[in-house]
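Structures incoming, each one as structure tokens.
Each of the two complexes below includes chain A, the first together with chain B, the second together with chain C.
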Partner chain A sequence: MIRIIRNFSRRIIASLFNRKENIKIGFYGPPNSGKTTLANLICRDWTGQEIGTTSNVPHETREVQFKEKVEITHKGKVLTFKIVDTPGIATKIDYEDFLRFGLKKNEAKKRAKEATQGIIESIKWLNDMDAVVVVLDSAENPYSQVNITIIGNLVARKIPVLVVANKIDLKKSNIKRLQAAFPEYEVVGISARDSSNMDEFYESLFRLAKKI
Partner chain B sequence: MGKIDNSKIKGLRIHVMPYSEVKDMGISERVRKILSLILGNKIVILHGRLRPEEEARLIEDTMAMVDHIKNFKGIELAVIEPDMRGESMFMKMKYGIAKSLVGDSSALTVIGPASIIKEIKKDPRKIELLLS
Partner chain C sequence: MPYRCVHCSKLYEDASKEVLTGCANCGRKFFFYIKKEKLAMMENSSQKNEPELELDEEERKKIEADVREIAGITNEETPIFLDFESVKVIKEGKYLLDLPKLFSGKPQVYQLEDGRYIVDLSFIKSDDKD
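Then we have the complex of A and B:
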């Protein structure tokens, strides 16, 4: 409750003085949608350093990771913000799923335990975001309840949202299906792995920042 | 034609919960009630839907339990709502007013233990449960 009040008063003060400093943009989404790959791409391009490691094994990011003062210059405009890369949100964690990726039983159990804590942390951080980039795998069914719950929570907290349809390089990618699932939001298709369509992404990111 | 083996679905328990059963509950109580049914290996069909912050709380509390309760892997969750796209403004208003007066009882929420429900396949108009 204190966090909500603090967040609310900070927004009021910021809007009174039209200050957009220390903006926090969160990267949210289900596991393995490419949040850290995208955050790494942005950080590499504009700070020269990555934010975290990526892997094919789900729940690679199990703690919220930050990169302060990322300054993006795009078509003469400048945007400075803090990237908050969050662990993927899921409703179930089964350590046995990790065994299929070659992890030993102990490693898999440890990963599962850390993943559950990461999900709790991600949800708690929702209140602190100024804007959120929801990163979804455009080759997956967009109607998953986790996606709907994340976006529903952002709307309820009046946090501006940009939906990123990642992995457009995959054969099964379907941006139209994703746009149909979330017609109220701007959806931008990219491939963080191939760095494709990043110009359009940055355009959308500036539009998102304007809504704060 | 081969014989259908339905031995695996013996003992499957479904708890249909009218919206009135949770209507007056606070967020913690509502989530606790649902999770206690899930821990009893029941699939809950709630006549209505949880608010977004309740869904988030349900996920948080589920994760805390996965961490502490042996063999509990989490939940599968899906909500199906009437598709108002393409409906007239009058119909949307009518739905909105009804929703604000009696709560969102036109939706159906399916929540079950991940150990029983392998996957919920959802599109805007239907949900399909795949049992383990």
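Then we have the complex of A and C:
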């Protein structure tokens, strides 16, 4: 009898441990909202390595990229994450938009094709996520089809969501507008570029992990 | 549903063998679905033989290559049928994505039977000029 209880307890503890051992967190959002900059910051702080390259040219991330076993310590608690950085989701991809960044026509067309593939891949990965951090540019209008579609689908799939209002260092940044757009979700304002307000971000991230 | 060859615009009735063996006109295996009503309308109109897609052959070839790459079906012997309009290829390098459809969870590639697929993509007419 004691053995049965002991095994049962071990299983419960093990399942709890596993649940917290490799939490799959997806970073989703429109292009150029700072997903990779934030994912890089986290990975650099806790593993010493970055996850991908960043650029001013939209759709720099065109493949899903991830970092396994990112162990994060916050206020004495330790959680291990699989950080999944995804290509920016958009409704329209036009190679001509890349030409003004100095890309040659063929490079721009290739980028457009890869970005389209990337969006399809991002959406496919969604079902594997335990929770999602939606990274939005707080200086942009939050009422876009992309933002509403992403968040609406996460709700439908019952995936816990944290909304990050990135780029709070910009003059046009407006967190309140973002909070008003998504009142049911926790919104945390940060600047991934300046590493500002990251304590509050980790606080929110750990709260998000509890919802899984 | 009837088919239309992307390359030469030849129309085929539903279940035509050419959609599997290759277009009788140009031999390609790259088609898109059109609605029966549209086919009837086209057959009754004077535009019957006019190509709908304002793309030259080089652009069509490039688009087919891109779509095959995006869909992961690079074997040109495998017929592709475009449908569902979740990803519209306006022309090379220009795409429109219907996010609600993509998020709906339907697979982008449907395998009907061995060697026969439906790909969740669609072409639309483009007025863009390069």
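Heads up, the rule we're going with is that the second predicted complex is superposed on the first by the 193 of 212 C-alpha atoms of A that agree within 3 Å, B and C clash if a C-alpha of one lies under 4 Å from a C-alpha of the other, contacts with A are read in each partner's own complex, and residues count from 1 in each chain.
We adopt the following convention: a contact is a pair of C-beta atoms (placed from the backbone, for glycine too) under 8 Å apart; a residue touches a chain by one contact, two chains touch by 3 or more.
The structure presented is a predicted model; accordingly, all values stated were derived computationally and were not measured.
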Could you tell me whether chain B and chain C fit or clash when both sit on chain A in the superposition? clash
After the superposition on A, what does A:V84 contact: first (chain B), second (chain C), both or neither? neither
Touching partner for A:Q117 - first (chain B), second (chain C), both, neither: both
Touched partner set for A:N141, first chain B, second chain C, both or neither: first
Which partner chains sit in contact with A:K109 here, chain B, chain C, both or neither? Use first/second/both/neither. second
Kindly classify A:D94 by the partners it touches after superposition: chain B alone (first), chain C alone (second), both, or neither? both
If you stack the two complexes on chain A, which partner ends up touching A:T149: first (chain B), second (chain C), both, or neither? both
Check each of 63-71, 81-89 or 99-107 in chain B against chain C and return the one that clashes. 63-71
Contact residues of chain A, present in both the chain B and the chain C interface: 89-94, 112-113, 116-117, 119-120, 123, 126, 145-146, 149, 153
Per the touch rule, the chain A residues reaching chain C in their complex are 89-96, 108-109, 112-113, 116-117, 119-120, 123, 126-127, 145-146, 149-150, 153
Across the complex, what residues on chain A touch chain B? 89-94, 112-113, 116-117, 119-120, 123-124, 126, 141, 143-146, 148-149, 152-153, 155-156, 181, 183
Would you tell me which residues of chain B are touching chain A in their complex? 51-53, 55-56, 59-60, 62-64, 66-67, 73-79, 85, 114, 120-124
With touch defined as at the start, can you tell me which chain C residues reach chain A in the complex? 66, 69-70, 87, 92-100, 102-103, 105, 108
